[in-house]
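Scrolling down, you'll hit the structures one after another.
Two complexes, one shared chain (subunit A), two partners (subunit B, subunit C).
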Partner chain A sequence: MKEIRLAIKIVKTLIKDRMQYPDRLFVDTTGVIARCGVLLILYGYVYKLNNGTIGGTTFLFAAWSIFFYFSFSVLRLRDISREIMKDVQTGNVEVLFGKPISYLSYRMWWQFGSSLYSFVIITILAVIALIFIIGLPPTMTVGIFIPTLILTFICGTVLSLFLYAIVGLLAFWIEDINPVFWIVDKAVMILGGSYLPVALFPTSMYKIALYSPFGAAKFITHTVYDTWQTNWYQLIGLQLFWIILLGMIIYFMFAQAKQKVSVNGG
Partner chain B sequence: MNSNSIVVTNLTKKFSFSAKSSSSSWLKNLFSPETKEIIAVNDISFSVKRGERVAFIGPNGAGKSTTIKMLTGILFPTSGKVDILGFDPTKDRKKLAYQIGTVFGQRSQLLPNLPLTDSLEFFGVMYDLPEKEIKKRIAELVELFDLGTFIAQPVRKLSLGQRMRAEVAVSFIHKPKIILLDEPTIGLDVVAKKALRDLLLKINKEEKTTIFLTSHDVGDIESLCDRTIVINRGAVIRDLPTHDLAKTFVYEKYIDLVAQNSFSVFPDLPEGLRYSIKDKNKITVVVDVNKISVQESLKKLLDLFEVEDVDVYNVGLETVIRHIYERD
Partner chain C sequence: MKELNFALYAIKKNIQSSAELRTSFLMNIIGMSINNVAFIILWVFFVKSVGIIGGWTAADIIGLQGFVATCYGIVFSAGAGIRKLADYTASGAFDRFMLSPKNLLVRIATSSFGVSALGDLFFGIVCLGIYAFIVHAAIYQILLIILLVFTSVIVFLSAAIVIYSTSFLLTDASSAAGGLFELFLTPSLFHGGAFQGIMRFIFTFALPSLLIGALPVEIVRDVSLDKLLLVIVLAIFWFVFSINIFNRAIKKYESTNFMTFGS
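Up next, the complex of A and B:
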């Protein structure tokens, strides 16, 4: 109960904090429009050149899949790696270790809350805009879509936080995690479908996207395709598998990391 | 009932690190580097009574912060035992956190973009206080720390003095039984330092909070702490009441001589006396009382110089502490 109360307080406090800075929301929105918008224009053109279909998929599906990727990215969950590294490098970890909290769960809620406000606003605005501009694919109007979307969103959020927290925890051993972060982040970007929608992946790469935690973190991009209605439980099952496995890795890593704390001035 | 808040027994902390050897190959340095060890805290023992105000001092790298971090459960000791209010910090870090407050002068725990009230409420929830209790405690702290004038301002817009007051206030949100302060007055001006020291004294008196403080500022030690523990190279070298600190090491007295006209020659001084300042208007002589008495020194100096005024005084606490560090 105490943990839930604290989590709600963290999220509420951060939303209040972010509301003080409308310029940050403007920057986030512009960033998403620029990155996602350019890709959508390019894909729209490519689909047109191929008579509207590539690999059995139309632009409508690809566009929503790409949008889901970028919308999810607004949460900036990957930044938890750098926040943990910063805590270790600056010694701020000692302030948080001195509090009656679980450091990692505090950091995860903090990360989730820090961009939630931008995520909600941008997603709502972008969904309305996309419905008006390109419309909704039929797969998004079936009854199972919304509940499974929420489920895979939650699992994706937890999985992303776990994945990037593991990278962040490496800072207790190697201090500068940037090279590892770069590899993991690029793997998530590519296998998550940021550049190329997952439906257009070659079979081998699709399998890697399906069975690796990098791709599983972004299964939200799969929800718009026909296949989702038949294999959603398998994909969510895979997410749960990775959550359990990475959760155990985090548990053991953190137990070791606590013993490795060595901050400035002690 | 145990009257000790803190009991430290044979506490040791060693840090190991890999060191590249210039004589070894890069392959050996990569896979089997030499391991070096630093003993940051070496077998120290002490106890602190409930409500006591203790200064834990030492030069840079002496092991002060390492000790504080072991007391709070942030660092794990290599050997030895820490007992704080009956808790073992290595096993009961979270439970212990409800009973202690920490202030790290060089690190902030406040929410920079929001008004101070938000930080106070935030930490109230973190320490699991009921909403009613949080409001009541905030009102108490606002009065106690005189936060009313700036509580609605974003923390980043506060002056350093205001911010430190706020940092300490936040650390008291859960009424800790012990407060551990690591350089709380660092960077503050004299007025802000005094205000913060007065506040800590007031809290110690009103809430019976044990104060355990590390500082390089002699003013903090003199005005706040009734006991001083000196640590150097990881070992406790002195543990005594603060007012005895200066007395114990008074083997030196200082004599200021103010010139009647001006001093032009500075003759050699008898054994036990040495110049500290040679100026045409003022001379300061250091007397080693083990070798020559103050009375004898005055006689000899007045024979040597024509003076308008004489002042005899003890060394300041800062000098005493410097002597302790240097002698060790």
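Up next, the complex of A and C:
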């Protein structure tokens, strides 16, 4: 109960802060326009050149899949790695360890709350714009779509936080986690279906995306395709498997990390 | 000449300082190089999936990444201070640069060193080498690559100066400058052949994203003198424009006069 109260307090405080200082909203909006907006215009042109179909997929499906990737990225869950590294490098971790809260839980809720405002605003506006400009694919109007979308969104959020928290925890052992972060981040970018929608993946790459935590963190990009209606439970099952596995890794890593910290008091 | 000597001295000292943490220094360079491979993988798969668009093949993608990474690496390794301009002005740290007898822009640019950008530079050079090898570049094409790296660096530097000069115009410009820079850089990494019509016009003339990668690749591939002339003229324009904007923007700066005690 105490944990939930703390989580709600963190998220509410951060949303109020972001509403007061909307500069992050500006950055996120330009980021989505620069990446997703330009990319969708280019894909529109490319699909037109290929008579509207590439690899059996139309622009409508590819566009929504790409949009889901970039919309999810607005949450900036990956930044948890650098926040943990910053805590370790500045010694802030010592202060946070001394408080009666779970450090990792605090960091994860903080990360989730810090971009939630931008995420909600940008997603709502972009969804409306996309519906008007390109329309909705039929797969997004079936009854199962919304519940499974929410489910895979929650699992993807938890999985992303776990994945990047593991990278962040490496800061207790190595002085600079950035090189590891870049590699993990790019693996998520490639296998998540960012610039290349999952429907256009070659078979081998699709299998890697399916069975690795990097691709599983962005299974939300799979929800727009026909296949989702038959294999959603398998994909969500895979997400749950990775959540349990990475959760166990975090648990053991954090236990080891705590032993490396000496809190001196003040 | 005196300013150039100062810049080289500052860069040398910055490298020596960064290299003190040897493991971190090397890991940053290697990590960034591996990181950049992701873009090649993505766009090569894109070419395989959608076929050749605008005459662009997988080799051209390697060339594109090579040009962009090289100019990014050169500008943001030696001149990483430009990216900190927003922080300098917001925190009042910019005052110390104004008091320096050296050229202000050179002093700001060389005030910081980007270790990871060395990884970009290394990656870019390797990509350009591979590109030249794949397309069986003749001597004049290799000379064109060298010339175009030079123009790309000028355009990239100019764009960075213009974008980060907004730091003098806004109260806390860090976010705005970051957003604008992303708007400039991200399209430069996209498949150049997919930019046609109005999009090509916008990202050539309004935002010079295509000038640093896509157009240089097309010039080397097609040996297009028209495009070469266009890139050179636009590079000169952007450089003069950026210096002008910087000098005008700097007049808007007001010292924050921090009342600090001790440090």
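As a convention for this text, the second predicted complex is superposed on the first by the 261 of 266 C-alpha atoms of A that agree within 3 Å, B and C clash if a C-alpha of one lies under 4 Å from a C-alpha of the other, contacts with A are read in each partner's own complex, and residues count from 1 in each chain.
Just so we're on the same page, a residue touches a chain if its C-beta (ideal position, glycine included) is under 8 Å from a C-beta of that chain, and two chains touch if they have at least 3 such contacts.
Just so we're clear, the structure is a prediction, and the values are computed from it rather than from any experiment.
**Student:** Answer with clash or fit: subunit B and subunit C placed together on subunit A by superposition.
**Tutor:** Aligned through their shared chain, the two binders fit side by side on subunit A.
**Student:** Quick one: name whichever of subunit B and subunit C touches more residues of subunit A.
**Tutor:** Higher number of touched subunit A residues: C.
**Student:** Between subunit B (first) and subunit C (second), which does A:N92 come into contact with in this model arrangement: first, second, both, or neither?
**Tutor:** first
**Student:** Report, please, how wide the angle is at the C-alpha centre of subunit A between subunit B and subunit C, in steps of 10 degrees.
**Tutor:** An angle of 80 degrees, rounded.
**Student:** Name the contact category of A:I15: first (subunit B only), second (subunit C only), both, or neither.
**Tutor:** A:I15 contacts neither subunit B nor subunit C.
**Student:** So in the superposed three-chain picture, is A:N50 touching just subunit B, just subunit C, both, or none of them (first/second/both/neither)?
**Tutor:** A:N50 sits against subunit C, while subunit B stays out of touch.
**Student:** For A:K258, select first, second, both or neither according to whether it touches subunit B, subunit C, the two together, or no partner.
**Tutor:** In the superposition, A:K258 touches subunit B alone.
**Student:** Touch test for A:I101: subunit B only (first), subunit C only (second), both, or neither?
**Tutor:** In the superposition, A:I101 contacts subunit B only.
**Student:** Closest pair of CA atoms, one in subunit B and one in subunit C, after superposing: how far apart in Å?
**Tutor:** For subunit B and subunit C in the superposition, the minimum C-alpha gap reads 7 Å.
**Student:** Given the complex with subunit C, which residues does subunit A contribute to the contact?
**Tutor:** Against subunit C, the touching part of subunit A is residues 23-24, 26-27, 29-31, 33-35, 38-39, 41-43, 45-46, 49-50, 54-55, 174-176, 178-180, 182-183, 185-187, 189-190, 194-196, 200-202, 205.
**Student:** Quick one: in the complex, what on subunit A touches subunit B?
**Tutor:** So the residues of subunit A in touch with subunit B come to 2, 5-6, 9-10, 13, 16-17, 20-21, 90-95, 97-102, 258-259, 261-263, 265-266.
**Student:** Which part of subunit C faces subunit A closely enough to touch in the complex?
**Tutor:** Going by the criterion above, the answer is residues 21, 23-24, 27-28, 30-32, 34-35, 37-38, 41-43, 45-46, 48-51, 53, 116, 172, 174-176, 178-180, 182-183, 186-187, 190-191, 194-196, 199.
**Student:** Inside the complex, what are the residues of subunit B that reach subunit A?
**Tutor:** Spelled out, the residues of subunit B in touch with subunit A are 13, 15, 40, 63-69, 72-76, 93-95, 97-98, 100, 102, 104, 107, 109, 111, 113-114, 118, 121-122, 125-128, 154, 182.
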